[in-house]
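Input: a single structure, listed below in C-alpha cells.
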Amino acid sequence: MSAPQPTTLSDRIQQIPRHYVYLLLAGVVVWQLLFPIRLPITPSVPTRGVYDAVAAVPDDKLIIITTDWDASTQAETGPQTQAVIHACFQNHKKFVIMNLQPPMGVKLAQDLAQEAAAEYGAVYGVDYANWGYKYGYENVLMAMAKNIPNAIGDDFYGKPVGELPLMQGVEDIHAIGLVVIVTGLSAMTEMWVGLIQGPYNTPLAAAYTAVMAPIYYPYLDSDQLKGMLVGAKGAAELEAMVDRPGKAVAIMNVQSWAHVLIIALILLGNLGYLFARGRGGERQP
Amino acid sequence: MWFSRLLQRLFPPAPTPAALYLYLALAVVGSIVIIVALHRLLGPRGRRWLIAFVTFIAGLFFGLEYFYPVHGDPAKNFLTDWIEPVSVMLTVVGAFTVGLGIYSLLQVHGRNLAQRRPGWHNSLAFFLATFAMLVFGMWEHYLHLPQPPPEVVPWPKGIYEILFNGLFAPLQAATFSLLAFYIASAAYRAFRVRTGEAALMMAAAFIVMIGQVPVGAWLTSFIPADSPAAFFRLEMLGEWVLRWLNTPAQRGIIFGIAVGALAMSLRIWLSLERGTFFSEQS
Amino acid sequence: MGSLEHANWFMRILFLSLCAIIVAGVLLAQRGREMFIRRIPGLTAIEEAVGRATEMGRPIFFSPGLDSINIVTLQALAILSYIVRLAAAQATRIIVGLRSPIVYPVAEESVREAYDAVGRPENFRPDDIRFISDEQFAYALGAVGIISREEVATNFLFGAFYAEALILTENGRALGALQVAGCPEPTQIPFFIATCDYVVIGDEYYAASAYLTREPTLTGSLVGQDICKAIVIAIIALGVGLATVFAPEKNFLLTWLGGGG
Amino acid sequence: MNPDLYILWAAAIATLGVYTILYRENPISRLFEHIFVGLSAGYLIVATWTLNLEGKWWNPMIHDKKWYWIFAPIVGALFYFIYSRRLGWLARLIMGLFFGTAAGTFFRQFFPIYSPQIYACFKPLDYQAGMGLQGVIFELVLHNWIFVIILLTVMSYFFFSIPHEGRFGRNLGRSAVLGRWFLMIAFGAMFGNTVMARISLFIGRMQFLLKDWLGSLLPWLAGRGI
C-alpha cells in the first residue's frame, strides 16, 4: 500500500522510507563497533540471583547447564553460557552441559567450556562434563527425574555417562543442585518447571534472549526461577561480576546508541504527526 | 521395574539374529493382517468409535498418572513407570512422519524442475543442498571420528563443516538478525500518539528501551541510588514496568489461555470437538 | 506439600469441577440452550480479509504456527477450516505453509474436507498445502518467498509463533497484504499489533472457533470457560484476602496449590 | 583438509545474500532461501536418524534384538494413509493417538505450570508495621495493589459471554477497557524489551562480518577490538 507522496516537511519525517531506517541503523552499529563510546555497567537484581544461585549449590551436587540455543541466538546466549561457566568454575562447582533442542547448542557450548576449562585447569569428566544432545523433550526430563544414567545414556563423546568420575553417586534428580536453562526457545522453561522444578523442588535459574525474558518475570516473582539473565544485558552484567568483560559488554555499548537512534526516530515521527495535526492536515490512515 | 519385566515376558528378545529376522517378518505380516481385518470388519460407526476410543485412552493415560493417588517413596502410582517408555515410543513413532514433510517438498520442487517452471534453478539449488547435506551429514556421522576431532579432518567431514557452519548456521543467524531492521522500522511506524492505546504502548516501550541500556542509567545517574526517588532512575523504572505492570497483565492473559486450552483439550479428548476436521462424516 | 509431581485432593476436586463446568456448558448448548458471545474485533475481520483476496483475484496465505500437534495447533486448524470454507465458496485460492511434518497430513485433510463441504472438491490443490521447512528461520524465509511470489492479498497467521513472526508480517506489510494474526502466547502480540491490520489476543484465540462457527458445542464450551475464569478470579481473590490477613505459612490455599514448600 | 577459510567466506556470502532481502525480495535472496530450505530438509533427515531413530529404535531392535520395536514404524506408517481416500481413517486413528496425547499432556501440566502462577498472585494488601509513607507508596501501592488491579482488570477483558449492558455488564465493560489499556502497556514493555534482543543479533552478525571476515583482509579492522 503506497502512501501518498510526502510534500511537506512534517509529512516527510512521518514517512521516512524503510530503507533509510535500515541504513541508519546499520550505520550506527558499524560506527559504534569501530569507535565505541563506553559507559559503566552495574549488575541488576535478577543477574545477581543467577550468580548467588550458582554459589549456593552444595558441593556434592551437580549443576546442569542446558544450552538450548544455536547460532541464531548465539550473540546473546553464547556470552550468557560463557559467563555462567565462568561463575561455576570460579565457585568450584561441578557442572554438566546438556541440551534438548536444537542439537547444535551442545557443540557450541562444549567449545566455550573447553576454553574456560583450560584457563582454570579443569578436567573433563572430573570438574565438568557434557551429556550431549538428548532427543525427546519432556520424555527425556521425565525419564531423567527417575534415573539419570539411563535417561542420558552416552555423553557428548559417546561414552556412557555412568563411567565419568563426576557422575559417581549421581542417580536421579536429587543429585542435581541447580539447573541453569540457557535458551532462545520458549516452552523449555515450562517443561523444566512442570516436570523438574515443580515436582522435585530442584532450583532453577535461567538465561533468556531479551525477547523471552518478560514472559518469565512471573516465574522469578514466584521464585520458580532463582535468577535470570536478560539477553546481552544480563550476560554483560554477569561478565562484569566474574570479571571477564567480553563480547556482551561490547554489545551493550553498541546497543545504547542503537536504542537512542530508534527513540529519536520515534520522536521524529511523532513530531511530524503532531505538526500535521496542528495544521489540521491529518490524512485518514 | 516391573514394566520392563512384563515387556520382556510378553515380547522376549529374539535369541539369535536369524530368529530376530523371522520375528520381524512375522510381526510385519501380523500387523498387516490386523490392519486389513480392522479395515474390513469395521463400518463407519465402528471406525469413529475406535478413533474416539484411542484418543480417549491416550489422554486418560497421561492425565490419570498425574491425578491418581500415589504412595511410597518416590511417590508413584500404577501408571508412573509406564510414562517414560510410552513417551519414548511416541517420540519414535512421531519421528516417522518426517517423510511426509520431505515428500511434500520434493513434490513441489520436483515439479518445478521437471516442468522447467520459472525459478526452476532455485528448485535445483534446493535439491543440491538437500542431497549434499544428507550425504555428507550421514557420511560424517559414520566416520566415527575420535573426539576432539584431529587437526586435519577427512574431506567428507570438511565438506559437512562447510555446509553446516559455513551455510546452514550463518543463514539461520542472518535471517534472525533481519529482525533488528524490521523492529526498528515497525517501531518508527507504529508508535504514533494517534490513539490513547498507541500512546500507552509507546510510553511503556520507551521507558523499557532506554532503561535497559547503559545510556539510560547514565542519563538519570544524578538521582542517588539509595534515596526514595531512586525509583525514578530509568533502569529502575524500566524494571518496574516489566515486573509490576507487565507481569500481572501477562498473567491475566495466561490464566485465560489456561482455561481456553483446558476446554479445547477436553473437547478433543472426549471427541466433542466440532469443525471440519472433527466433523461427523468420515 | 510443596510438590507438584502429582495432584493432591484440592487439585483433583478443582480440576474435576472445571472440567465438569465446561462439559456441562457443552451439553446444555447441544440441547439447544441459547448462548451469547460478544463481538471479537479481530475475528469479524476474517470475512473482510477473505473478501479482499477474492476482489483482487489473488491468493490467501495461512500459517498455522510453528508447533507440532498440540492444543494451539489444533485450534489453528479449526480456524483454518473455517477460512478455507469461506475462500472455497468464493473460489479463492488458499496456500498453507507448514513447519511441522506431523501437522502436514492433518492440515491437508482439514483443507480437503473443507473443499468437499462446500461442494468444490475439484478446486482443492494438494500443492497448495506446503511443508516449507522444520527450521524456524528457513520457514520464515520460505514463507516470505511464497507471500511475495504468489502476490498474496491476505495473510492469516494463527497458531504458535515465535521470533520469525515479525519477518513474516513486516514483509507482508511491505508487500501490501492485509494481515490478520492471532496467537495465545503474549510474546509476539506486540509485533502483530505493530504490523498487522487485526490482531486476536490471548484467550480470544480459543474463543475464535466458537465465535466464527456459532457451533453450539463451542459456544457452550465458551460459556463454561467464562465460569471457570470466574472461579480462578475467586481463588485469587480469596488468596489475596488470606495473604492480607495471615502469614504465608498459615495460608492454607497456598499449601493446597502446592506452594509454600 | 582445513575447511576454515571456506567456512569463513561461505558464511560471509550467505549473510550478505540474506541481507539483500532488506532491499526487497530478489533473485539472490530467493537462491539463498532455497539453499537454506534444502539444507534444513537434509539436516532434518540426518538429525532424525542420527539423533533419534538410530539410538532409540534401530539399535534396540537390531542389536538388542528387541523385535517389538518393528511396531513403531508400522504404526507410524499409518500416517501415510492420509493420501488414500479409502484408508484415510487409519491415519485419523493414529492422529487420534497424538491428539489424545496432546490433551493428556496438557492435563498433566495444568497444575505444575499454573498453580505457582496463581499462588504467586496472593499479595498482601495491608499496611505492615514500620513501612512508613515511602514503604506504602513504593512497596504496597506501586507493587502489590497495582499488581492485583491489573490482573483483575485484564482478566475481565477476557469474558466473552457476558454482554456489556445492564449494571453489572457496564461495569464489566469499563473494567475491560481499563484491562485493555493495561494490556497495551504490557505489550509496549515487551516490544521495548525485544528491541534489545534483536539488535544484539545484528550486532553479532556485524562483529562477524567486520572482525572475522573483513578483519582477515584488513588488519586495521581486526585490531579495533570489535
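Letters A, B, C and D mark the chains as written, and numbering starts fresh at 1 in each.
Throughout what follows, contacts are C-beta pairs under 8 Å (C-beta built on N, C-alpha and C of every residue); 3 or more make two chains touch, one makes a residue touch a chain.
Please read all numbers here as calculations on a predicted model, not as lab measurements.
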item: Contact-graph distance - origin subunit A, target subunit D; value: 1
item: Chain pair showing more contacts of the two, A-C and C-D; value: C-D
item: Chain closest to the middle [Cα centroid of all protein chains]; value: D
item: Most distant chain from subunit A by Cα centroid; value: C
item: Centre-of-Cα separation between subunit C and subunit A, whole angstrom; value: 28
item: Subunit B and subunit C: spacing of chain centres that average the CA atoms, whole Å; value: 17
item: Subunit B and subunit D, separation of their C-alpha mean positions in angstrom; value: 9
item: Where subunit A touches two or more other chains at once, by residue number; value: 18, 22, 25-26, 72-75, 135-136, 138, 194, 198-199, 210-211, 213-215, 218, 221, 230, 233, 255, 258-259, 262
item: For subunit D, residues contacting two or more additional chains; value: 18, 21-22, 30, 32-33, 36-37, 39-41, 43-44, 47, 52, 56, 79-80, 82, 92, 98-99, 102-103, 105-108, 110-113, 115-121, 148, 151-152, 155, 158, 183, 186-191, 193-196, 198-199, 201-202, 204-205
item: Multi-chain contact residues (two or more partners), subunit B; value: 66-67, 88, 90-91, 94, 97-102, 105, 119, 169-173, 175-185, 187, 189, 191, 201-202, 206, 209, 212-213, 242, 246-247, 250-251, 253-256, 258, 261-262, 265-266, 268
item: Sites on subunit D touched by subunit B in the complex; value: 1-3, 6-12, 14-15, 18-19, 21-22, 30-50, 52-53, 56-57, 61-62, 64-80, 82, 87, 89-90, 92-94, 96-108, 110-111, 113-114, 117-118, 121, 134, 138, 142-143, 146-148, 150-155, 157-158, 179-196, 198-199, 201-202, 204-205, 208
item: Of subunit C, residues touching subunit B in the complex; value: 3, 5-7, 11-12, 15, 18-19, 22-23, 26, 68, 71-72, 74-75, 77-78, 81-82, 84-85, 98, 100-102, 104-106, 109-110, 113-114, 117, 127, 129-138, 140-141, 149, 163, 166-167, 170, 184-186, 190-191, 193-195, 201-203, 205-207, 209, 213, 215, 217-218, 221-222, 224-225, 228-229, 232
item: Subunit A residues touching subunit C - in the complex, by the definition given at the top; value: 1-2, 18, 72, 184-186, 194, 198-201, 211-212, 214-215
item: Touching residues on subunit A, where the partner in the complex is subunit B; value: 14, 16, 18, 21-22, 25-26, 39-42, 44-45, 70-75, 104, 114, 135-136, 138-139, 142-143, 146, 151, 156-158, 172, 210, 213-215, 217-218, 220-221, 230, 233, 252-253, 255-263, 265-266, 269-270, 273-274, 285
item: Touching residues on subunit A, where the partner in the complex is subunit D; value: 19, 22, 25-26, 29-30, 33-34, 72-76, 103, 133, 135-136, 138, 153, 190, 193-195, 198-199, 209-211, 213-214, 218-219, 221-224, 230-233, 247, 250-251, 254-255, 258-259, 262
